[in-house]
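First the structure, then my questions, so here it is.
Chains here go by letter, A, B, C and D, matching the order in which they are written, and residues are numbered from 1 within each.
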Amino acid sequence: MTDYEVRIGGERCNPAAGWTLVWDDRAQGIARLVSGTASVPVVVEGNSSDWVVTLNGRRIGVSVLTRRERLLADAASVERTHAGPTIVKATLPGLIVTVAVEVGDEVAEGATLLTIEAMKMQNEVRAPRAGKVIEVTVAAGQVVATGASLFRLE
Amino acid sequence: MTDYEVRIGGERCNPAAGWTLVWDDRAQGIARLVSGTASVPVVVEGNSSDWVVTLNGRRIGVSVLTRRERLLADAASVERTHAGPTIVKATLPGLIVTVAVEVGDEVAEGATLLTIEAMKMQNEVRAPRAGKVIEVTVAAGQVVATGASLFRLE
Amino acid sequence: MSPPPPFGRLLIANRGEIAIRIIRACRELGISPIAVHSDADGEALHVRAADQSERIGPAAAAESYLSIEAVIDAARRSGVEAVHPGYGFLSENPAFARAVEDAGLVFVGPSAAVLEALGNKLAARRSAAEAGVPIVPGTTVALGDDPEPVEAIGFPVMLKAAAGGGGRGMRRVDAAKELRPAMDSARREALAAFGDGTIYVERMIAPARHVEVQLLGDRHGSLAILGERDCSVQRRHQKLVEESPSPAVSPTLRTALFESSRRVAAAVDFHNAATVEFLIDVEGNHYFLEMNTRLQVEHGVTELVTGLDIVAWQIRVAAGEALTADVLEASSRGHAIEFRLYAENPYDDFRPTAGRVTAWRMPDGPGVRVDAGVDRGTELRPEYDPLLAKVLVHAGDRPAALARMRRALDETRVGGLETDAGFLRWLVDDSAFASGDYDTSLIASRWVNGPVLTDEEAALASAAAVAARMGATTERPEAVPEAESDWGKQARREALRR
Amino acid sequence: MSPPPPFGRLLIANRGEIAIRIIRACRELGISPIAVHSDADGEALHVRAADQSERIGPAAAAESYLSIEAVIDAARRSGVEAVHPGYGFLSENPAFARAVEDAGLVFVGPSAAVLEALGNKLAARRSAAEAGVPIVPGTTVALGDDPEPVEAIGFPVMLKAAAGGGGRGMRRVDAAKELRPAMDSARREALAAFGDGTIYVERMIAPARHVEVQLLGDRHGSLAILGERDCSVQRRHQKLVEESPSPAVSPTLRTALFESSRRVAAAVDFHNAATVEFLIDVEGNHYFLEMNTRLQVEHGVTELVTGLDIVAWQIRVAAGEALTADVLEASSRGHAIEFRLYAENPYDDFRPTAGRVTAWRMPDGPGVRVDAGVDRGTELRPEYDPLLAKVLVHAGDRPAALARMRRALDETRVGGLETDAGFLRWLVDDSAFASGDYDTSLIASRWVNGPVLTDEEAALASAAAVAARMGATTERPEAVPEAESDWGKQARREALRR
């Protein structure tokens, strides 16, 4: 038996016992969790250690790590904590409408950094933590793809 | 340009000109034939020279042969014509209810040879041509799979 | 807010689309649905849709879905409070209804006594005649070896199985010399299908419409009459298409049909769902055929025009609920049609086919309902009924319903096995069907084995196959370099007209 | 049999689910449907469903679906006789309606003059007030830089765009100090969305229900009032859920709403389909908000309860047909609800998401209708509205409709991107929504960013992920060897209750 460690949102989590996963359409990840007396519809996506399970319409990110993978992940995480700047990236593609900060500004956690228009809505990008803006890589009027760097915070 | 010969039910057939096949869901063979001004839904199954196209709900077997394949097929066909006995096979799986002929019987084309029960219906298997029954390979009460030999006609 | 569930758990003693229909009703009522399956159905759609499924035996229906013992065992094991039999299989078997009740469970259907009284078609004929309902002229006692009662009626006649249903054991006989072999073969088929070879004879009414009336009764004496359905499009005496209202039923005839239905139901202590079937001759006379004491395949047609959920009501009245005014005063709105999608070859006398479903896309959008029993990857087995899905439409009037059905069929895509879709697509444009003026001979007289493949169809199919062979990136089929032919233009016009 | 088609070919100047809805109406009317597409939509579902599709420009909507010139060019190229604009994009643009008519084609919608008169929300407010219809207290002229008119109304107030629609340019202002930035941001959003930054102010009515009335008029002066829809479940002032009838509307209020709607329509030379929107306060007073002179996203709710095909009628009246008695006397039967399935994250303030649809299974069966705009493999683009599909149900009453919606949602499976399905699944069990006693603040007050993930959900998701990692043949998740925990039993009970 493989000893997996399961985490959801960084928290350790024990899998429910007594449930079997039965594929309904494996190519689409459509499945059911069944126990002796009940059946719960799910969609399962992912591979290796990274999974997303949709349950009651909610997408739940689940990391399933072997002991070896966990040790490696912990090491990487420590490294990230010690590394300096945080890069703020676009979480969805769209048009930059306004940029609210300049290089050198000190921002609080949650402060609005810029507004991006996507799906016809104005979406605000906020600072993931407090810090000083050390680079602004976009300007108003520019179209960005998902994952594009927007700012660097020191 | 490859020069294909197309046959439907043994008859040569010219493909309609000016229509493009556009896949809708290739894994399922769901497609449309489109011309400048119209769109016809089809399902396309098969590979190499053997295809089945479903059009207006009708399954149409289409053989698409290169010159080389056509020559080989013609040769095989001539061989079949000259070969002696015809084997009558089950076209659907089911239970043999009655066997109407014995070895030695002379049967006319279309004569009932046996009755097979499938999908709760009685289906009659008929002689594909006139001839003498030289072998009966099944008996009433037996369950047969699709493609199973039933009789040999001389 | 929502009422308490009628039952905690319910066993569905069936398979395919009707099992899924009942599972859906259970879910909406808050009941946990428990399926059953033979070894052939371990991964079937109805098993995957239920909360749990109990194995009841090998593939052969006689040892699984038709085994009273196996089904009762499954009900006991799974701790259900009620059993819904669906249609076919054990649905009209009085011994099964009694076994369910003996196990302390609720049978979702009429009492065993009613199933007994109406399950024997001969007894039902006598009962209807006594209630003053017109029956098809013929015998009311079992037919022996003596052909005299048959000859007295005059040919053509219909031989029918007393235990009959679904067209099994039914034979049309046109002349005296055909009688003996037809009697033998009808008896044999009846015995094989029902374990009872008793047959009787009726005068052949032709041309005729086949019209049925939907009943729903509670255990408190209320009876709802939920309109009629026309089921005249048949092959092998089995229905392929149903619609409501019937284009052949005038308001006067409707009143008469409803009154006859009420009398037949009143003659027994009826509750739950049932259907009274009639033949209508060209003069508009109606003749009682039989009463089916179960849910019908085609119940969805009535659900569409009345807005009621017949399956949910079956379960609710089985739990003792009374029918509400909504049901008792239900009226019909618009026009609904059901086309049954079967795995059978309409170009070969509707012979059943088998195989694996490799492409499966069902229509949706406004006014379309699909009740399917399979999905992509399902292997069709010869042991069971070849019904794949029912495509139903509802619209303001019959022409709009036909147009909607044509659209729905064009959206439907099935691959991997022969289906009756080619027939259904033809039917929706057939002038007799479109006019509403058709009878039970429609398929035999107008379809036979279907129209021959047209040059246009052959050329389009060829173009598709050549393009497929050449690969998906082909911009045009290259096998025909010459300019577009006249019939190519015609084909486009045809395509446009659809 | 079937009537001649109103047009030979019709151009659908839209995309997504509404283009498919119009294509289906065309097919049923015998019209050849022609789609349009931007470069981003070359393989979109609506393109595949049409007979033909014309490219109208690059991905950006301003250069394709919003380009009057490009759409008119496409209509000319494809030889259509009429243009249906759907909703959004050019549907309420008087210049577009005029350009269509100038090209000698029929615009499926009201005249350009009506679009003009009602498209400006300020002008519409004045017109309604003149017709004796109550309007929300506030300004009837454009707001300048002077905050005085706003302060005179008293906070809280709503700022709105005169050219508005879809919640764009709308801002709630609770105090004087928020007013200036809100005015600036509303003007900026309105200018970006509509090319017109004019705003006005209304008193904030809260709590309020948002109820609208469906109108359908012909070119011969007949007007049908097809019942109301409740659209109070909103986020960002945009609708997520609609139902008919409204649980908040009494027969007396219904009569008043219909009368007000009739007056608003009578004030202009209205024909085709439109919706009159109202706010209802806690005392049951109604206030005219605006009239949308186009098909609404939620028209299907009214189609289900009335049995009518509103899109088909739009096309028929555009061709000059008169409304029939069926339409003019249509009544409502049962209860219908629509849930909109969006690519947006309900746990992050309903922020739009993007990505590829990797799993796609929609519900079907009795009383369920799905109007979808995508299928498996579709890539959601940030340029366009994130509506994936509308799931609609129809049943005898509201509790049965809710039960049916719960069942439909449990059958729905979408993978590959975040959707609002988690919110919808929560909503159907929310006590305020289930009671029918809710208002436009439901999401803001009861959902916020949704309930936290329960331990049960986390444990089930973990079990699924571990089993998936271990392979499909796993009989049980092996990560937890100990005996079943208490909440495991609880989770099963929960699962059973669903």
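Rule of thumb we're sticking to: a contact is a pair of C-beta atoms (placed from the backbone, for glycine too) under 8 Å apart; a residue touches a chain by one contact, two chains touch by 3 or more.
Keep in mind the model is a prediction, meaning the values are calculated, not measured.
Chemist: Taking each chain's centre as the mean of its C-alpha atoms, which one ends up farthest from the centre of chain D?
Modeler: Most remote chain from chain D, centroid-wise, comes out as B.
Chemist: Counting C-beta pairs in contact, which chain pair has more, A-D or A-C?
Modeler: The greater number of contacts lies at A-D.
Chemist: For chain C and chain D, let me know how many angstrom lie between their CA-based centres, rounded off.
Modeler: 38
Chemist: Give, as an integer number of Å, the spacing between the C-alpha centres of chain B and chain A.
Modeler: Centre-to-centre distance between chain A and chain B: 54 Å.
Chemist: When the C-alpha atoms of chain A and chain D are each averaged to a single point, how far apart are the two points in Å?
Modeler: Those two chain centres are 30 Å apart.
Chemist: Please compute the C-alpha centroid of chain A, do the same for chain C, then give the distance between them in whole Å.
Modeler: 51
Chemist: Which residues belonging to chain C are in contact with no fewer than two other chains?
Modeler: Residues 32, 51, 376, 410, 495-496 of chain C touch two or more partner chains.
Chemist: Touching at least two other chains at once: which residues of chain B meet that condition?
Modeler: 25, 37-39
Chemist: Spell out the part of chain B that touches chain C in their complex, as residue ranges.
Modeler: 1-4, 6, 8-9, 11, 13-21, 23, 25-26, 28-31, 33, 35, 37-46, 48-49, 51-60, 62, 64, 92-94, 97, 117-123, 146
Chemist: Which stretch or stretches of chain C touch chain D in the complex?
Modeler: It comes out as residues 1-3, 20-21, 24-25, 27-30, 32, 51, 300, 303, 307-309, 311-312, 326, 333-334, 362, 364-372, 394-396, 399-400, 402-404, 406-407, 410, 431, 434-435, 495-498.
Chemist: Which residues of chain C touch chain B once you look at their complex with the stated criterion?
Modeler: 166, 168, 189, 192-193, 236, 343-344, 347, 351-354, 358-361, 376, 382, 384-386, 409-416, 418-426, 450, 453, 456-470, 472, 474-485, 488, 491-492, 495-496
Chemist: Note which residues of chain A are touching chain C in the complex, please.
Modeler: Answer in residue numbers: 22, 24-25, 32, 34, 36-39.
Chemist: Could you pull out which chain C residues touch chain A in their complex?
Modeler: My answer: residues 32, 48, 50-52, 375-377.
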